[in-house]
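To keep things simple, chains are lettered A, B, C, D and E as they appear, and every chain counts its residues starting from 1.
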Amino acid sequence: MTETIDNLLERIGRNFQITGQEVKKAGLAALHCSQEQLHGVLIYLKEVEKFDTLTMIGCADWIEDDYFELSYMAYSFTTFFTVMVKIRVSRDGSSVPTVEGIWRQARTFEREIHEMFGVDFPGNTRLKEFFLENWQGMPPMKRDFDTVQFVKDHYKLREEGREGACNVSVERKKRIDAKKLELKKEGE
Amino acid sequence: MDNLNKKDKAQLKELKSPMAVVDWAVNWFRKQSIFMLAYGTGCGAIEIPPTVTARYDAERFGVRGAATPRQADVIVLSGYLAVKTLKRVIRTYEQMQEPKYVIALGSCPINGGMYWDSYNTIKQLDRYLPVDVTVAGCMPRPEAVLEGFMALKDKIQRGEAEGARDYRDNIEKYKNNQKEIFGDKMLPGYTCDWYFSDGGSF
Amino acid sequence: MVSALAVFFLGTHKIIRELLSIVSLALLTGLLLMRIVSPVSDDFTWQYMPGFFTLSFSLSSFGLLFALIAAISGLLKSFASWGINSKGYHALFHLMMGGLMILLSAGDYISFFLGWEIMTWSSFMLFNNFSSADDPIEKSQDTGFLFITLSLISALLMLGVLFFLYNRTGSMNIADGVAWLHGVKGLPSWIPGLLLMSAFFLKSGLLPFHVWVPGTYREAPHTFTAFLSAALSKVGIYAFILFFLPFSLNEGSGQISYLIAWIGAITATVATFKAIEQNDMKGLLAYSSIGQMAYVFTAMAVGSSLAMGGALFQMVNHSLIKLLLFFIVAGIIERTGKTRFDQLGGLIYKMPFSFIGVLVGIIALAGMPPLSGFYGKWMIYTSLIEKGWLLVLTGIVLPSTAAFIYCYKLIYGIFLGHPTEVNPEEAKEISPRYRVPSGLLMASIVLLGLFPGLILKPVNVLLSDLGMETLALTSQGSLNAASGSVSGFMVMNVFGGVFAVILILLSLFGKKAPTRNLHRLDIAYAGELPTEQTPLHYGRGLGHEVKRVAIAGAIVKRSLTEKYMKIGNQLGGILEHVRGFYPGNGQVSLIMTMVGAAAVALLIGLKG
Amino acid sequence: MLFTIFNSLLAVLLTYSMGMLYYGFYRIGNARIHRRVGPPLWQNVIDNIKLFAKREAPGHGIMFHLGPVIMTAGTITSMLFVPFLKDSAWLQGFSSYGNLILLIYLMVVGPLGNALAVGVSGVPFGVMGVTRGLTRLIGLEVPFFLSVALLMSGSGTISISEIMMAQDSFSNWNMMAHPAAFIVSLFSFVGMMGASPFDVVGAPVEVYSGPQAEFGGKYLGFLAAQRVMFSMVKLILWVDLFLGGATNVFILMAKSFALFFFYFIVGAAFPRFKTEQAVDFMLKLPLIIGIGAVLVRFWSL
Amino acid sequence: MAQDIITIFHGPQHPGITGNMSVELDLLGETIKRAETHVGYLHRGFEKMIERRTVLQAFTIVCRICVPEPDPNEENFARGVEELMGLEVPEKAKWLRTMVLEMARLQAQMLWFAGQGGSLGHYISPQWAVADRDLILDLFEELTGGRVYHMYITPGGVRRDLPEGFLGRLGHFLDYLESRLPEYDNMLLRNPVFLERARGVGIIDPATAREYGVVGPNLRACGFMNDIRKDEPYEMYGEVDFIVPTETSGDVYGRAMVRRAEIEQSISILRQIIRRMPAEKEIMAVLPKNHRKWEVPKGDTLVKTESARGEYSYYMVGDGTDKLRRVQVKGPSAVHAITLLEEMLVDSQLSDVAMIMNSLGTNPPEIER
């Protein structure tokens, strides 16, 4: 099976400038290309290589090297291959043209990445708010968003229960001794 | 009345004035028939079907489902509450009729539970709504939920299940807490304007 | 007879001010009422052209009933249409009243046809040219054309048959014609009878010829629509009784009356399901009028005295209800400027009087017990059961049950639900000009509900005139038939008493569990928040789902109006070719049809 | 007059308690079918009293307040026009003044009065429920009227008590005398009682519990009490028309419980039709049986 | 302006909604003209919390993503970590995982059956189905200690071995369930009213099924024989033989038949597992020595598993520290409940909304986590 995935990668390499490719495991290959190439590769995969559906659009935030890595995972029902087409976009104010025209479900994936990472997808028919209602802060999934700090500002954790936190086993022992004492008293 | 158990008979004996008997009777009827609102707010909602269906059968204790807040007595908040859900829950709670109760399942409504560090869930439910009974368990079992209903029934019988009156009396406190979360996008005032003595809206 | 003449002259003199019109109508009704008291039945022959034929007028008892309905509805209408100050309107209206009076008191064919034509033409002029200035309904050319062509054809048919009868019987007065019609046996000689009948059906808008009704009702001036539906549609019934009633009693004509009963039932079903479909108030009421008229024809087809009584009771009742509903609808249109259900809504607390008026109207229209509508239906159903026509009964039950939907749509679309284009704050009650007649009508409907006997006593007098045994009326408030009786008085009192007791019981809880009045948007909305802009008024969608029921869907899809217009256009096309011979414009097609029909009429006349 | 008032009070109490008893069995029977224990027998009464014990009630103006009142008045009025017993002066209500056709129309007065209150409350779900109810009524009323007309034209009278009198022995119970009419009427009986294939009006899953969406507290209490009494009125009507009426209350309860058991079994077994499917079904099978019965009757004459 | 449509919410607080989501419907009468799904009522920000937790801490949260069927999430997460770290899971653990997955799948299908009956107003089927589902939850409780959230499949293997006599009780339950299935058929699936309601409603046309990304039983009801357990076998699905049932009608009835056949398939798979369960004791992979700080090497992978409602896919990125850089979850409802549902509801009726949503198996927590 792997050789056909290599043939596949090699065929794609011939038509498009592929910066890097690797085969992760049987049936899963990844290739890096530039943002301009993205649409070409995806349309090629769908039309020529019969990759019927887009499983998901992954997005990882590499804050050290200051880029988001978007990976479009196309899946083919005939050969059961998944190809991850990866592109790198800047962390702030980047915009990738939508792939909704190719696969309809991309609209939902892009909408989620737009809300969580702030990547703009011009052409997407429904880029309004998805999970968070009236969210004023920065997109929450970016690494520099500190969720514990956000919790401290917006919500108040229960104080009175904390200091009274007692050691369960000690409490249990006390209860048992009191019970024994009581039984002994009733015994006399 | 076959379901008048020992505790009820004991309370009945030491009632003095006739008014106390009437109150007791009214509370007894409120206790015996509780309409639970059909609203699965959190992950605990998966344990409500087993509670009301054949194996654990909450209808034995008079607990029946109700479709709309107007018909319901108790709202069961099963697990954590996202901010968006909290707004709907508060509106539904305010649409329910006066002797209304809140049962919170799991540890998330108490102190945020497992999602204490999540930016979208509320940490203490009783800052925003008066909670009558809290049931422990990271998603309590159907027996625990039934135990919660039993605790609520005892509280109703003792006449202490007055979360609704507490909500009405210090409405300013609750509304301020809610304002912290919702900022300017507060709920419209008309569901609770008449709570305010001066009729002002929030 | 004097009253007929008085009106005739008054009409022709084109009195200008409305005050005079009301006085004249009041005078007319007074004369008619006086007429009942002194039952002198003198017929008045007026020699118009010496030697050729004489016009004889005599007001028989049931002619009187129809005249009374027309006069009362005319009086209320002129009171309601106080505002319209165009003098032509009132003059034409009186001309029509005069024509109606002539028709009702006509003894011979010529005056009958004369009255018929005057009435048709004046009503055509009225509804086609006059409408109040800010009337939101635009006039479409088709309805006028449809109305006049159809009534023209029916008039010519009638002319032909009358000539044929004259030819047969040698005399002009109607009585001998009727006797001849019923003497003849066998189907082929029934053609003149059927043709005459179709002319009358057209006037009351039964199935094949009902297409003109909705358009005309929708575009006529609002108060005139009330008169149209209350009085003019009854003329067809008067003519049917005048010519055909005696025959439906004898057994010989079993199949024809069964056929008419089925025509009535099918018309009612089609009209009811079309009414549910309508999105504007006047269209809904127009179709409902067709449906109610169909019940009357079915009842007359049964022929027993109970059925005849039921038909007349239903007819009187229907006039009162339709007057009430059309007046209030006219008031609402005048006040809000809106006519459709998806433009109105939520006006209940700002227009309480009109709400109660429409409520009383729909309860009576749907035939629900406490009010008078039920007793007409009850008599029709009982007579059908006694006659044994159970399938016709089922055919009638289907539309009368479906009628509940459009009754509810009428009252929901205007008053309940949420406000759409009309802001309830500025909506004011309808003007007193409409409120006074509606108040009177409401009182009369409720009174009839309590004491149905009020109408049934004169109906008894009328039945004895027609040679049928009268209804057994034990008391003012109850009706009896061979198979059972119902007491309206008792039903109303029981319902009222129980209602009062429960109201007191419910308000007992007021102290302990006070009712908290909620904001318009504070509704059980599945947890979400409706905003001011959220569309929540179900007016347009209310009857929408009934189309999915097999029988209703089939009816609503097909529309006779298009077919007629197609025929009309084809006819116009053919005449266009013929027009090649004659100069002149589109009017030629009209004249051609007239000439052609007249030729046919003469032919039939000579053939006989 | 005093006797009839006392008589009608007795009728109201009897139907309320009988209804609560039957619906108590209904809930326990349903539970047993669901393989569970089910509530105590008087749970419906407790629910009803709890609703009246609520401390506040939602209101949308005076018309909303009057809706449940008209509904209950319609029910009790139609109850008073049904003769409960065969040949005893008790529990006759005002049935001597009314007849069957009046009763069929009286049964619609209540729901339409309530429809006004549902309309004024402004809940779109409520109006959808009412429209579904009226559309379903077309399907139920036509076969029912046909079967009842067969009965009336057969026994030559339209007053219920006379029809009831005519059925003296078992052999000429109308169930036996007019079997086709009885079968057709059973179809619409199941529909009118709101059993499962036809319970499209207040479907919580589809229309957010339909007309009762906005009623709470004491209003819901009145509606619940009325619903139970309304079912009892229909049961007693069917017993009078087809099962030979009853000479005393116990026979009445026995016969009506048999009918109620039929309704309960059908109700438990089926999922729910859509509104138009319910009307199409009613205008297909039952109507054809009815028309067949009419043809047989009149052609054989 | 003139309102011919009304807007209602088949909202969060509604007896006919599956879970806590809402569908905004524009209705003319009861015909739907426009539908829009609103989610976000259950958003807890899983992926953010997993970034702050080590692999073992994240393992307890992962199963709470999807309520009706938590085990595919656990298995997905575990397999992803194992692929990244190259752990070798012993065969016994794989058998145990396959058994737990199939038991979870069975109870999810029973829950679907309850929801399908409830959405049609047939109140017997929810009662019976949930009661029988409870018996599986008892077995889970015995095996893993938790009724619904089992936290049993840890990265590297399985937390506990089988209690003795468990397989016998499991076999007994399977016989009992198999004897109940014909009764279920007669009660709902062959009920004439159900057939009339379910046929020809909510049709997914096969041409665009793949393009919309439809997965699981909904795809198989359109005639495509695709099942991750067959196409890319994981755990022990390679050794177990089962057929992938398909229908061609693509409507609610077709999906019901596919799910009904899958219940039988799950029962036969579990029976095979009971027969072939190896006896040895070793259930955990060899773990890194310092179990406090697991080094997850840099790299990413995509792992997919088949749940009762369709294909779950986990995109996991490790960055060399002991915490995972990114775990992105895509549940089947993310595709079914939004793009597909909205287009399918147009011109259908309000009374079908609950039924269609139940037959698609829409479940909000998968969408927004």
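The rule is simple: a residue touches a chain if its C-beta (ideal position, glycine included) is under 8 Å from a C-beta of that chain, and two chains touch if they have at least 3 such contacts.
Values in this document were obtained by computation on a predicted structure and should not be read as measured data.
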- prompt: Counting one step per pair of touching chains, how few steps separate chain A from chain C?
  reply: 2
Field: Path length in steps (a step moves to a chain that is touched) from chain A to chain B
entry: 1
- line: Of all chain pairs, the one with the most contacts is C-D
Statement: Of all chains, the one whose CA centroid lies most distant from that of chain A is C
Query: Between chain B and chain D, what is the gap in Å from one C-alpha centre to the other?
result: 36
- request: Take the average of all CA coordinates in chain A, do the same for chain E, and state the distance between these two points in whole angstrom.
  value: 19
Query: Between chain B and chain C, what is the separation of their C-alpha centroids in Å?
result: 59
- prompt: Among the residues of chain B, which are close enough to touch at least two other chains?
  reply: 38-39, 53-55, 65, 67-70, 84, 88, 92, 95, 98, 117-120
Statement: Residue ranges of chain C touching at least 2 other chains are 513, 516, 518, 524-528, 536, 538, 542-543, 545
Task: Please set out, as single numbers or ranges, the residues of chain A touching at least two other chains.
output: 131-133, 140, 145, 147-148
Field: Pairs of chains, among all present, that meet the touch criterion
entry: A-B, A-E, B-C, B-D, B-E, C-D, C-E, D-E
Field: Residue ranges of chain B in contact with chain D within the complex
entry: 2-3, 26, 29-30, 32-33, 35, 38, 53-55, 57, 59-60, 62, 64-65, 67-68, 70-71, 73, 95-99
Contact set on chain E toward chain D in their complex: 6, 8, 14-16, 27, 30, 117-124, 127-128, 131, 188, 191, 193-194, 196-197, 349-354
Task: Flag every residue of chain D that touches chain B in the complex, lowest number first.
output: 27, 31, 34-40, 43, 46-47, 49-50, 53-58, 204, 208-209, 212-217, 220
Message: If we count contacts the way the header does, which residues on chain B are in touch with chain C in the complex?
response: 39, 68-70, 88-89, 91-92, 95, 98, 187-188, 190-191, 194
Query: Which chain E residues qualify as touching chain B in the complex?
result: 11-15, 19-20, 40-45, 48-49, 52, 60-61, 64, 67-68, 111, 114, 126-128, 130-131, 133-134, 137, 147-149, 365
